[in-house]
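Here come two complexes built around chain A, the first alongside chain B, the second alongside chain C.
Up next is the complex of A and B:
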């Protein structure tokens, strides 16, 4: 289908289909003639596999021992440990300097509510205060504060580092050129790949958790800083210059304040990344909610893990809403002649309430610290309810499990493993060529060639198969759901809000319900990945469909098109580039989730990565991490290239 | 001296030049110098991928004068004003401001110049969204290190000047476009600049507000007596406000003269296209039609040279004399105006 704007587009797009078809035929040929192929064509031959892991290990050994980097990192880690101790003392009374904690939970809950009110009013106040009340009453105070103290310490570091690097990249285009590919790779490396080097340099425990959190959450801040600095309107800068501002004044008083919203969105992303990472850092001995959840899940204590899961979800929503409210908050003037107390009424009320709470906490210990024995628990009823529910749907899940494993997962896995690696590479080259000619074909070959040379081909193919099946299933759910939701504005709004909320959850959370339903096996992994990956698909499908210019739809309506015709001939083609962005994110999310889900038992790269983690094998860990990143980057290249070409053709 | 405005009279000729541009070029592209060399060597088209935004502009602006630079979008007028304020560096040529070479100034000198002598108003206002109206106006003063109390006092004065009392604590987004531009004007005047640049200050406003702001501007102009460079794409606005108009096309100045003379004697066809559509009687003043040679045998009531022909329409129709005496506002005789010529202007040449 060609739209008028597509035909108007002057530059003739080179036609890549012919070469792509030839390559596709070649790939099929290689597959069909597998039995006749020499073994070097089926699996990467010995001589092709390079000892990347040894090289990386050698490099890290050099860094640690010969450069003395170890003392430096340990010194930094000790400083961080000190900060963590201070917050730990204040938040849950760890016996460290300044020895004034723990602050009564009521005070913290009131403070959170006051911040929420100041940022966006009653609803946010209720969410913020309510989250802390829930945490305290459920007796999870210590774990939650262990988690929160890392976020409190790590966020300023990440924000500062991201701001500095972002400004540097904005000042020097050459630095930006170097930084961009690094950021691309960094943002497609799975969480575990960050942990292994940190374990080598720092060891395990809270400070390692904090450091890995800092490193992991810096990239979005750099990106948002760069974006914000570039978006400052030139006239604002010129007005600053004409006001006689020096370059430093210009940065401090003009550029940074004007880029406020982007910078604060960056802070929001940093906080959310911190939360996601700090929960996962339980794998390297980070105490807190994540560790508790991990233990409970491994012990299959569903009720208790649901409680913890709810806490994590509440924290995620609270942190996200509060930091977003801060980002979009606009300054407002006070009515002239209003008094100091009225202008600072939230502060005054907060001070009064906090004083009262402090006083009461001295008298009533329950308002200071809720002991484990005093805590509520809804684990019992949840367990009972779940048992009943699971028993009720057991025939369905059992059948589904059987069907998926026997008829879908195993055959697919075998098919992926059966394919000669040369056929896979040729296939990818064909896809690349079809999208962007020889350049894209070479990029695809480069990424997967590197995976072949890493020596982890079979494991990588298992990861690929898991991601493929998950994304296909996610698309089967996400597309129709998105199309259905996009038909009405209010419905679309509600579902978008749901997607937004779901995207703030740390990926770990998604494992709770699937383990509950399917137990510990491949089906549970696929189910978790499918749910996780469907979210961006639904979201972008809705956004793409709702974003079609209304004149186009009106024009189609006036041409007498039925609703179905409008969908197929106008809305979908126009929305496709946006939907592809969703598909791309979906693939990224699946990759991350497949790797995380490894601990419930898969045989892919993730499992190997966990082994590398437990044996602190940096070389292996990073090679595996890069293999995952390269898969992500290749898909990203293909989909984004296609989407960009399509957008251009549609004149969007 | 026909065409000389009576209210400017001899003084302007006597005043010194404040801003002097000599052969100013601004070329955008990867290698602007080579492009310029290629242009001047061969007289050809130069190198691809380069855009000449300002082409060989030579211009003198006198102290206290109001020059309007008029041109359509892409004619280089905004670039020219940014060269004058050195927001962008010129490719070739020199700009002198009060005898100092602008291009040769160091960063520190330039900042000092802007802090003391220049003010600028922008098309989309260029206000800082995070600062209140008062702090926006006080911003240039803050930059040069004045303390809070003095700069706020001065900022309040400026807000009174643009009639924005009571809005000090508002934030830019809480104001209408016209009010935001008033803040921009107040800010640009806060440092008491000698030179006032206005880059299409009223183009982003809707027509009614624009008219109101033009009146406001004329009031301020009379009050302050600054040297003003005003950019606009609106020919009517230029005619309404200017002492002199420079019409730009493709980076070059096509004609630079008083509104009367531009309307009566357009230098090029391009200028004529603008002037043909306007009502000349609204622009041409009696003073510019007065010829000193006809002044000898005059008697009876005189008209003021500052009035436009349009505003004299009733009198022109009713007065039966062939030659009507014209005086300046002080009553000094300027010359005689041929009534037939004035009627031609009023009714159009062809009538």
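Up next is the complex of A and C:
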């Protein structure tokens, strides 16, 4: 057996490198000769810039006024509103039909614990019940229920829509061909870009929040449905056909149950995406935790916002674990002759406890709703800690701020803005050619060429510069951390949990401390983005390293390799394709976060996106959104192409 | 469930009385938008509770404070209680031009938005609030981003404050850095307070920040009409924006055009609503300093100030 380091020298395809080198030289030449270049080569000339925003606005106007789509979307929104009103009444007592709520918190906590127990036993029961007890005791019940009342409606819609579109794509390859690029773009569009059309077509309020959440969370469900349906083995279908099943029966009773695991992972993804939208959707009227969080941050109440952030994390972890437990759960088989009560013991105990809780809640209002004045709070200690921390670290951050701004960020930013756009495009073409030949080169050119034609070149370059520096810093932190953590299973487990937490913690909360530490400038933006960008790098480094087949490591050990040699020559090369997936995600996360960092104060695409949102300018918002999406898609293409080539070379 | 019952009974009682009082008003809820600063939320809740007390049903929806004018115009929300001349004048006027929204009345309050500093800045630069004294202390306000120039932390660019023009016109040794949100300004202030670093930022009144960080506005040459367009007006004969912002901007109430017909009673009440600067500041204080929930703060304020709002309901 040969070590992978032996295969590493195998040249990919020599003619790729040659053309790439020629292009690279050309790019350098364009850069060096900048002063001699005509201005049309330095920045996109007037005639190249197309009024995309006007076209999109014209198209939307046509949809709205001539096609009357507005009536349709509003009718759909009203139907959704009715459902939202029902859940809102049950969960927090909004004065709407059926007028029986709010359900006491004790009842919901007991029910959650019972579901947790039924799915996976005591530990999940404690997590599910405990989350709701925490919410109630912290006095966040009404806010959390406002949030859940939207999520409870949005999730089934998303799952249903994803299932339908996924099945459709599976049945018709042509539809799949159309759907695939749409999904790619949809998953790399920044969140704000979705919101503007929703405000125009639906308005503001919980229904708009629900719709933007549905749109945002549907793509992973479509993908997982498609994957699941394609994976159903033909033998299973045959046996279904032999039993005389009609096509509908075949779908419902054979294909879907066989694809159960993929479908449930899809459901899990939908739930996580829904929770990720909790804060952002409150910009267009989603009530609850997100709205409260923004209000509290606005008044600089960090401790209270952290409490809410913790609640969102707890909800996310709870729903994640519960839906995953559901995905792997096997049907339970009872001994023959066991009684009904024994077979349904969880249900019976739940019914008894819930009845008791309902009764007690009538007598003791505390068990029905915990008022804000009765709530616990850990805000005081958090604020004090934060205060101490900022005072203590102030000299360090002041120096770091000065150093980064004067020696790193400003020069780098000037360099990015200095480059002629033709040089950037040629450079990207060179990168594309090196990785995947003429096709990749054209794809790279297409994506960035479109950005040049949008007329937002300078701002796009600032976004690129911030993403680049953030990903580099994140890699400097993330790789060593991942390598260190991957050495022990328990440590890896703990760090992965930390990654989950950092990822679901609402990104807005990070913005305030980084401003307090670094002030309103690019250092604060980069610091906030690095937190997010490091998470996938750590995660995939750990998973890649731990996924290396143990035989390979043993073989290396036996041939007398030191730990360092094993790491550098066996484990890292083998894990590299997985780590590349992490890098890819890291770029995506950075792009999203840079846009959100407009709330700190930037001069990039994000700032314009924020303006487009506040003036409800659909065309501008979508053009900016596409510009960001194209950056993400280009990086995605390059990294995936490269990673696929590596995998082939490694024989994986 | 007990307080639910009382709520139900009172709702039923209101439901039977309501048609008598406001025969022509629709029973659909009046949608009141709330934004992300406390005085507006409390005021919205206060007006909402006044409307509820005379039998209307009211609902609140949180929205972006600039995008809300589009929603009012389309009738998705019914009214807007705080239209600031400086911050939202442009969005409001744009929406009025498109049609569907109009100016109902103005609060008996003035708004002021300008350069502002917390008191610890004055200790470092005793000549304040005069703008020339500020300019002489520019070095105290320098940061790495601005080099030797002082830094002025402005509001988001879309607030269109012309601070850079002002710096240029008055020949100040300052550079404008735009924060991305109001929260970013407060975070900087909060951090500067811990180390007592001199800082000058964009701020406005009435605002909760006055209660948290005592401070003053910088006194620029007084605003005169046309100072922003006519070079002759203002301190220098050849410059525009060579003056401070107006010290008495309006604070208006806006409503959807359809509100007058759909809820004539509520509209009549709304046209009488007017709050003053101290009242607005007190509402903000109940939330930001006393830590009350906005709806409780509104109820408390209404209970303590019946003489002010009762006449509006007649």
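Assume the second predicted complex is superposed on the first by the 608 of 652 C-alpha atoms of A that agree within 3 Å, B and C clash if a C-alpha of one lies under 4 Å from a C-alpha of the other, contacts with A are read in each partner's own complex, and residues count from 1 in each chain.
Everything below uses one rule, namely that a contact is a pair of C-beta atoms (placed from the backbone, for glycine too) under 8 Å apart; a residue touches a chain by one contact, two chains touch by 3 or more.
Because the structure is a prediction, the values reported are computed rather than measured.
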Clash or fit, chain B versus chain C on superposed chain A: fit
Contacts of A:402 with chain B and chain C, given as first, second, both or neither: second
If touched residues of chain A are counted for chain B and for chain C, the larger one: C
Chain B versus chain C as contact partner of A:258, first or second or both or neither: first
Chain B versus chain C as contact partner of A:243, first or second or both or neither: first
Which of chain B and chain C A:331 touches, first, second, both or neither: first
Contacts of A:323 with chain B and chain C, given as first, second, both or neither: neither
Contacts of A:613 with chain B and chain C, given as first, second, both or neither: second
Touching partner for A:372 - first (chain B), second (chain C), both, neither: second
Chain B versus chain C as contact partner of A:235, first or second or both or neither: first
Three-chain overlay, closest Cα atoms of chain B and chain C, distance in Å: 42
Set intersection of chain A contacts, chain C complex versus chain B complex: none
Touching residues on chain B, where the partner in the complex is chain A: 82, 85, 87, 111-112, 114-115, 118-120, 122-132, 139-140, 142-144, 166, 169-171, 173-174, 184, 187-188, 191, 197
Chain B-touching residues of chain A, taken from the complex the two chains share: 233, 235-236, 238-246, 249, 253-254, 257-258, 260, 330-334, 336
Residue ranges of chain A touching chain C (in the complex, touch as defined): 93, 95, 99, 199-200, 203-206, 282-287, 291, 294-295, 297-300, 361-362, 365, 368, 372, 387, 390-391, 394, 401-402, 405-406, 511-513, 515-517, 519-521, 597-602, 607, 610-611, 613-616
Contact set on chain C toward chain A in their complex: 1-4, 8, 11, 31, 33, 36-38, 41, 57, 61-68, 70-71, 74, 76-77, 91, 94, 143-145, 153, 156-158, 177-188, 190-191, 194-195, 208, 212, 287-288, 293, 296
